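So, here's a batch of structures to check.
Across the two complexes that follow, chain A remains constant while its partner is chain B and subsequently chain C.
Let's look at the complex of A and B:
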């Protein structure tokens, strides 16, 4: 597990605390009943703060799963 | 998922989605196309699900405000609906990233749940005032409450009958004149209000268009002697009038100007119409209550921003703010699809 993935799991765990760390890699908005609008907003804010990125309209609505956010961060993370 | 801007070609798709929502005005083609597809500063965003169909909608009006000496864009969210769990969050983020400050005035319980989770500060002091309260009866209310409301309704009287509450010296100093067109000289040169909606005449002409077929806006210039002192726009329905938007050079002439405007349009009423307005300023509040308005529970009013230092600080004194009721679609919830253009022009 790389550092990015580890920190991203921390973010997901903060907003979806009932889901185990291993399972978090598979979560998506569609497959997770606990993922509501409050989770979406809190998660995006947390990711922006943790990784120093500023999501833009056009990108935000594609961040609907662990994988899509991971891929987005790999492309956009401030190094 | 993808967010797309509404265009008139989307109306059938929107209408199908709107059947699942509580919104009445999203089913009204004239409303949607005027307010969400005719100017760049007010748009409707459709959140399209990956498999097709609308997963959520958000109307967003970017309103020009002035806070102290600073101009800012305040985003007023309207028709905020989410049909899929989590989807509303994307529209919420889109909202906040599209303006300096987001405003919530009215709104659904779901919207306020989200706003509270983001710790938007709520501001006290946005007073609601009613004249001739409607005393509506709701299903399941006990008999004693229905009886009390019946008595309350019987005590209402036509608006003109309150005119004796205007001191004679006010009528000799302050007057109103009805206008159809919005011109720059209607706008106050100096406003005493610290936080206020500060649109251009063109913006007002779009937002409170006096020629719309589905809502009747009436515009009055307020005069102090012969000098322009502000304006008031009234949203006139058959059984209620809303003080939609007003601004002026001093609180006293503005409040009396609002009242004189009301009397102009309700002068010949045989039946009592309800009047609703919002007000934060104590001088204006005192004038409204002296005329006959009664204070109602305050409206929740929240402001939030992703940008530090933009929004007024939590706990700010709101007594010098100018908050009007008919912002966003607050005054456009009960559109009458039967109000025709012919009827509309009849009053002129």
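Let's look at the complex of A and C:
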């Protein structure tokens, strides 16, 4: 597991605390009943805070799974 | 040295705002077993989102022994949310207002209106303000309410350049001032100081336009965290420190009096030492409010007596007690002061310009808060004064605050002979008066003569008083040497011929006067009971009450205990007080 993935799991765990760390890599809005619009907004704020990225309003609709956010961060994060 | 704050904090006790991920971790952590619940309701017109999370996290940090639940209402309906808060009967309410709550045209989520006229706007916002105030007065007058008035600028389309104040701006400022004045006169409302918020959270870094348009939440995370932190402090007012011990040379005044002489020390503008005068002034304000002020100085006592005779000193020497001046270690002087005051180190602040002296005292008394006096930095000195205000501040000054220092000074040796001739008078009151804040204050700050260490929130105390099964007894003491004020509070429940005491505290200034015996005698006689049960629990600091019980029942108590009238009469010493009803 790389550092980005590890920190992203921390973010997911903060908003979806009942899901185990290993399972979090597989979660998506569609497959997880706890993942509602409040979770999305909180997750986006956490990602901006943790990785120093600035998402655009249009990004939110695409960032609906662990994998999509992971890929987005690999493309955009400031190292 | 790491425990000493070398730089007085100029903005906040915390180093930085809490991060959202930290707040979520605090909120998600499993609560302690048997933690008491506390409900707080956020009233706002925007989506509370992260403010709700941060407020819950900051409240949990302030009281880790409680479970906190923060609830909220509906978007865009402040008046309705105030009603909902009243119906939910929470322990406290946090009201966070922004300009769109007064008129939606003052925000960015409403468009299509023409330029606002001052008269139309005034009517609109004052009518909304009246509506909020009416609901608060009628439905929430008994609830602790933390109030934040608009922290973001109003946004409205107008023709004037942005640097030119227009009549609409002036109207909004007046509304803000009127609302502030109204709120500051309400006992249940704790109004957030907008100047303090400006210091901690720069106004131009608060608004997150993108988030407000996308989600309805208007704040950047840092502002949210700072706002929530301050609201949590308003809801849970920190207990003030009790005493301040100050150094003299290069602290209370500039210069080394033993070398420069009494005329060589200064605190004036023309000698660029005026920040020492401001420090003296702050100590004088604290002393008038009942804070103990003492001196620990390495000096020749005769020189210091001469220095304190200077008429331009802003701190009255009569407000300083005791004056510990010697060539011994500062920690020894501090130890003697603590003994005289009869208070624990964690209630004390020590101020000195020498990092070495601070370290020496800190090593001897880890609980003392040691603060460096920044003698060469007037800006940092003003930060220190703000810090002292936060550490010792209280909302109201009671009668007892004014009596405190004098009663210490008048403390004589308390032998039986003395007690017999002291002309002591105890006035008992059984009135449960929620507007008297003294019993609440005494219960929440007394450590030594404290039955079980139980603390109350404002709402818990109100519920305790409103419970028809509870009795409250408070004792006010005076003798021929002076008055101590209200110094003991006892809370009990009665069932048939038994009394069950679950709250009992007595000020450390009242020790050794047998007031505690008189309290029990009063209960036995006034209520005609044969037994009194005590919800006693040991705490790290309540040795004095443990010793009191050991004297009555013959052994150190381990937990709840019962005392019979026969036991009490057998072991109660002679009492000399005149007892009155208040």
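Basically, the second predicted complex is superposed on the first by the 79 of 79 C-alpha atoms of A that agree within 3 Å, B and C clash if a C-alpha of one lies under 4 Å from a C-alpha of the other, contacts with A are read in each partner's own complex, and residues count from 1 in each chain.
Here is the rule we go by: a contact is a pair of C-beta atoms (placed from the backbone, for glycine too) under 8 Å apart; a residue touches a chain by one contact, two chains touch by 3 or more.
Quick caveat, the model's predicted, so the values are computed rather than measured.
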Q) Are chain B and chain C a fit on chain A, or do they clash, once the structures share the same frame? A) clash
Q: Scan A:17 for contacts with chain B and chain C and give back first, second, both or neither.
A: second
Q | Residue contacts on chain A - larger count, chain B or chain C | A | B
Q: With the two complexes superposed on chain A, say which partner A:49 touches: chain B (first), chain C (second), both, or neither.
A: second
Q.
Quick check on the superposed pair: does A:29 touch chain B, chain C, both, or neither? Answer first, second, both or neither.
A. first
Q.
After the superposition on A, what does A:39 contact: first (chain B), second (chain C), both or neither?
A. first
Q: Identify the partner contact of A:57: answer first if only chain B is touched, second if only chain C is, both if each is, neither if none is.
A: both
Q: From the options 181-189, 199-207 or 397-405, pick the one stretch of chain C whose C-alpha atoms clash with chain B.
A: 199-207
Q. Which chain A residues are contacted by chain C in one complex and by chain B in the other?
A. 38, 41-42, 45, 57, 60
Q: Provide the residue numbers of chain C that touch chain A in the complex, in ascending order.
A: 19-21, 24-25, 28, 49-50, 53, 210-211, 213-215, 217, 221
Q | chain A partner contacts - residues on chain B that touch it in the complex | A | 1-3, 47, 82, 84-90, 92-94, 97-98, 110, 113-114, 117-118
Q. What residues of chain A sit close enough to touch chain B in their complex?
A. 29-30, 33, 35-42, 44-45, 55-58, 60-64
Q: Mind listing the chain A positions that touch chain C in their complex?
A: 10-11, 14-15, 17, 38, 41-42, 45-46, 49-50, 57, 60
